[in-house]
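A, B, C and D are the chain letters, set down in written order, and residue numbers restart from 1 in every chain.
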Amino acid sequence: MITSTPGPSSDLDRQLGDLEAEIERLRRLSREQSIDLAGEIATLDARAEDVRRKIYTNPTPWHVVQLARHPQRPRLLDLVASLFTDVIELHGDRLFRDDPAMLAALARFDGQPVVVIGHNKGKDTKENIARNFGMPYPEGYRKALRAMRVGEKFHYPVIAFVDTPGAFPGDEAEERGQAEAIARNIEEMSRLRTPVIVVITGEGGSGGALAIAVGDLTLMLQYAIYTVISPEGCAAILWHDASKAAQAAEALRLTAKDLQALEIVDEILPEPFGGAHRDPDAAVGAVRAALQRHLPALRETPVEALLERRYAKFRTLGAVETAKI
Amino acid sequence: MITSTPGPSSDLDRQLGDLEAEIERLRRLSREQSIDLAGEIATLDARAEDVRRKIYTNPTPWHVVQLARHPQRPRLLDLVASLFTDVIELHGDRLFRDDPAMLAALARFDGQPVVVIGHNKGKDTKENIARNFGMPYPEGYRKALRAMRVGEKFHYPVIAFVDTPGAFPGDEAEERGQAEAIARNIEEMSRLRTPVIVVITGEGGSGGALAIAVGDLTLMLQYAIYTVISPEGCAAILWHDASKAAQAAEALRLTAKDLQALEIVDEILPEPFGGAHRDPDAAVGAVRAALQRHLPALRETPVEALLERRYAKFRTLGAVETAKI
Amino acid sequence: MLNWLRRPKYRSLQRREMPAGLWAKCPRCTNLIYRKELERNLKVCPKCAYHHRLPAIERLEITLDEDSFAEFDADLTSADPLKFEGYPQKLNEARQKTGRPEAVITGDGTIEGYRTVIGALDFHFMGGSMGSAVGEKVARAAEQARDRRLPLVIFSASGGARMQEGALSLMQLAKTSAAIGRLHDAGLPYLSVMCDPTTGGVTASFAFLGDVVLAEPGALIGFAGRRVIEQTIRRKLPDDFQTAEFCLKKGLLDMVVPRSEMRSTVARLLSFFGAPKVEAVSVEAPARTETPQVAESRSGGSAAEG
Amino acid sequence: MLNWLRRPKYRSLQRREMPAGLWAKCPRCTNLIYRKELERNLKVCPKCAYHHRLPAIERLEITLDEDSFAEFDADLTSADPLKFEGYPQKLNEARQKTGRPEAVITGDGTIEGYRTVIGALDFHFMGGSMGSAVGEKVARAAEQARDRRLPLVIFSASGGARMQEGALSLMQLAKTSAAIGRLHDAGLPYLSVMCDPTTGGVTASFAFLGDVVLAEPGALIGFAGRRVIEQTIRRKLPDDFQTAEFCLKKGLLDMVVPRSEMRSTVARLLSFFGAPKVEAVSVEAPARTETPQVAESRSGGSAAEG
């Protein structure tokens, strides 16, 4: 639900917040004092759903952030279970540790072998803690690179699923070269001699996302986000006020539509009305269809042509001009 | 001095030991009681030197072990300082730590760029502790590999100096993949696309030595050793008696002469009478001459030919036969 | 050479391994297990899941399709290049004990129909130690896989390099790793399975170089021995130190696979990596007659090389 | 475009950086230092060796041979692709403050006679942040180095990606790293020097990708900021955390080189890696006239690309 925002971003949000608070109050009342308020609650529910509908019809960037982070949003393991068969998980970077925040696996898509990597967020608190909320350590990125090298060796496509708040900002992560690991992955992916498809499914959080997101094709779920900094972080830096995150979300142009306009994203994969969590199968279906659409051509493209195109794709991103000073 | 053996290996050793003990006794006496025993001491010294001469003329394998481990034996930094100019040390594996037990450096030999790697034993206790007695952790091997990759990129020869009791047998070394690091180096060196010259200068201790010792040419100082297990370890396993190390040293065929006969070593570099520590410049000179002799041809050999020869070199080592059962 | 898995020697080995009696005592949980049940369970204790060590021959038997195996270099064995005291006797004892000339068996065969070159080290033969013959056979297996564009699967179980062949044993690390390197360069898959125990020179060479590295549950995996490490660091090590599960957490292994699932897991990996599949599994693999150079090499490399 | 290092703009920048007065106070040891002495000492405190941050222009001046520099893309700057609130004003302020259009200067020149392509980021320009123009100029410099078979040297000083260009800034990590990847593939040397501070997106891209990675003493080097980390781990970090010396121990850097030795160290590395050397250093490097395509690119890439 779109509720726990650090500050309402619109009248609709405020209306919805009020309605949800009132519904909750009535529910508690009904429960504690055994009063039948089902009718009143139903009326309010309908009104709340109506407001939600309005929000979903034209969600603000901050709404999209909420959807991208929604606790019920399909996670990597849901996607992998639905999209692939014969999944064999690989573990470890062969250097230091197996990082549960990053998945690496061999699998088949429509019967064809692929290598799957992705940020591995949890679905509940316990799993989230075990998986460090999808925030990898350097060893996570190094595991992913190792798996990508397997893909490269056999010329199997790599499919990378992006969903992370960012690389883990901890002391040990720094000590083991978080920046180096990200830089290395970016460089190696830019010249990996096999097709790479990137699917941004939830939060595309800065360098920690990009470290597995340099490929031939960048697909993005409709309500996923991809950003250089979290809206909260941006607001804190710009206005010293994290509660202006909604405003920052707007400014950062982090939605799929914005990113497509900036040519960072190649294709938007439609989500069901109200977000992927409302109908996970539909969201997964959109991913499946996109992979089916693109994989055959990528598989057949000669490696050198692939690498030229991949280089050109990132080489041209940016907006520069001649200075006026 | 050849004294602190876990058990005398010959009559000559015993004689030498007795003489040295007697000299030490007279010295103490002279010092403590201010008696002039210079004449007696000189006589005994001469006799001791005579016995040493006999030993050095035809040292047993166990004597060679002592020479290879001699505390005054020239160490890597001595060799590097004498052999190379413009030395620039590289640090770190870019993954976990800089291992002071392994040196990696860019340098020039006779004006030409080379990459130098080597086990970095200390010269005294303090330095030895800092350098972990020349026993690398996995990060040491990974640093060496990183430096070798620099050599490969620019087609600069790699010169590897071997002097280690072995890879460090500690819990953290195991946890960070000691075996993996050694295996990886061996594989990568076997196909490193640049010339690799290995010089065994002191102790060539098992896998921890081999991890930087797969190359086109294996040179070995006359009194260095190269072995699959330390004589003490071998004696402990075979006879449950580490004091039989001298016997094990004999059995293991760990001297340069033995190893040349087994075709493991391509060339023996002569040491001064009594060992490299008696005239370090002479020992270094022998290494220099060998590098001068071999580097030009290796530099000019096409990489593919180099790799074929290198493969064949190790491929043919071993002694097999048809079973008689 | 075919059907050697049924040779009487193997049966006698079986008897020696598992002393007579209806019941066997599990070395870990000390329960008495009905021997037939233990065998049916692939020698995994039904009470505590302890994976008994398997002779190479049994490993191949439970891994390969029936009658699909053809051995390479069956008679190849280490010479005694150093004239090392007591080595010929030790070799003979090991041969008597295992009925095999050396500590590794290599060959080709199929796993769920997928053609592969395969090797299995035998810890019961001088601790699975790698001397010249083990190195030679592993290198030849890798070369066979490369020449015939087949995957390579090696089950390791070894205490490390074979001391009695001195530095020549050490050189087997280089020989095998170089051969694996060429296999990688040729774009062919190599699966390494570490069984209990895999330590020393075998871990420091081909065993850690798989595209995918698997292990059996509880297998001891490491470079240095526990006692040496404890002497070095002057501390007791935790019980799970160097176990497969420990190594998995440390990022050194891809997966730990129970014996009951190993065959199907390897088959799935072979399938993933595009191993050729034979249609009818039950009979001799058809490829053999197609590749005369193999038949040659199968006749057993003779004489010393080094 | 030549001799721009002597342009009045630079002198005025100098004055702004070091406010008037004979004495300067060291921010670390708080000693008062005679300003002329500090300048002579390359802005390294003679008392405590604190390395003052240098504007890019001064960095190039103390690194390159006199009059050897020719700038690439001097007028290139970031557009405002997101119409980000306040960004044009911030850009203008930074331009006023530094007298430079963007946070990086790139070009070619010689160091002790060794020809190289060189770049220096300017922390004084919006914290050295990498937006489209910084990424573009770094990528072009790498491509120039590749096309002309010259080494690349980059001095970094940056707080990371430039927020105000959103994900386009993030994409500069990919753009620059890909360009460096091609330089590596072409067998050309790339030296990265991290100056105080180098953090965020610049460390997570080209700054860590050098064949050799150097740093100045005391430089702050890391991906995440200290405050974020302390909030995350709920502990205070040690004082030396993320310093160059700390990173060296952690194996992340090749060497920490004092400013007084940086020029000669870079020159030695350029020599080692086979950089072409010009005979007479004092005048314009001769290669320029030989490579017309450079003169073209030097005219300044114009207009938006993305």
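Just so it is clear, contacts are C-beta pairs under 8 Å (C-beta built on N, C-alpha and C of every residue); 3 or more make two chains touch, one makes a residue touch a chain.
Keep in mind that this is a model prediction, so the values were computed, not measured.
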{"item": "Number of steps on the shortest touching-chain route linking chain C and chain D", "value": "2"}
{"item": "Centroid comparison with chain B (C-alpha atoms), farthest chain", "value": "A"}
{"item": "Whole-Å separation of chain centres (CA-atom averages), chain A against chain B", "value": "54"}
{"item": "Centre-of-Cα separation between chain C and chain A, whole angstrom", "value": "43"}
{"item": "Inter-centroid spacing, chain C versus chain B (mean Cα positions, whole Å)", "value": "33"}
{"item": "Junction residues of chain C - those touching two or more other chains", "value": "184, 208, 250-252"}
{"item": "Multi-partner residues of chain A (at least 2 other chains)", "value": "94-96, 176-177, 180, 184"}
{"item": "Chain contact topology (line, ring, star, complete or other)", "value": "other"}
{"item": "Chain pairs that touch, as defined at the top of this document", "value": "A-B, A-C, A-D, B-C, B-D"}
{"item": "Chain B to chain D touching residues, read off their complex", "value": "86, 88-99, 106, 108, 113, 139, 143, 150, 153-154"}
{"item": "Contacting residues of chain B [partner chain C, same complex]", "value": "167-171, 173-180, 182-184, 186-188, 190-191, 204, 206-207, 210-211, 214, 226-229, 234, 237-238, 251-254, 258-259, 262-264, 310-311, 314-323, 325"}
{"item": "Contact footprint of chain A on chain D as seen in their complex", "value": "75-82, 84-86, 95, 101-102, 131-133, 135-136, 139, 161-163, 165-175, 177-182, 184-185, 200-201, 203-209, 221-225, 228-229, 232-233, 235, 237, 241-242, 250-252, 300-306"}
{"item": "Chain A partner contacts - residues on chain B that touch it in the complex", "value": "94-96, 138, 142, 176-177, 180, 184"}
{"item": "Chain C residues within the chain A interface of the complex", "value": "184, 187, 189, 208, 211-212, 248-255, 265, 268-269, 271-274"}
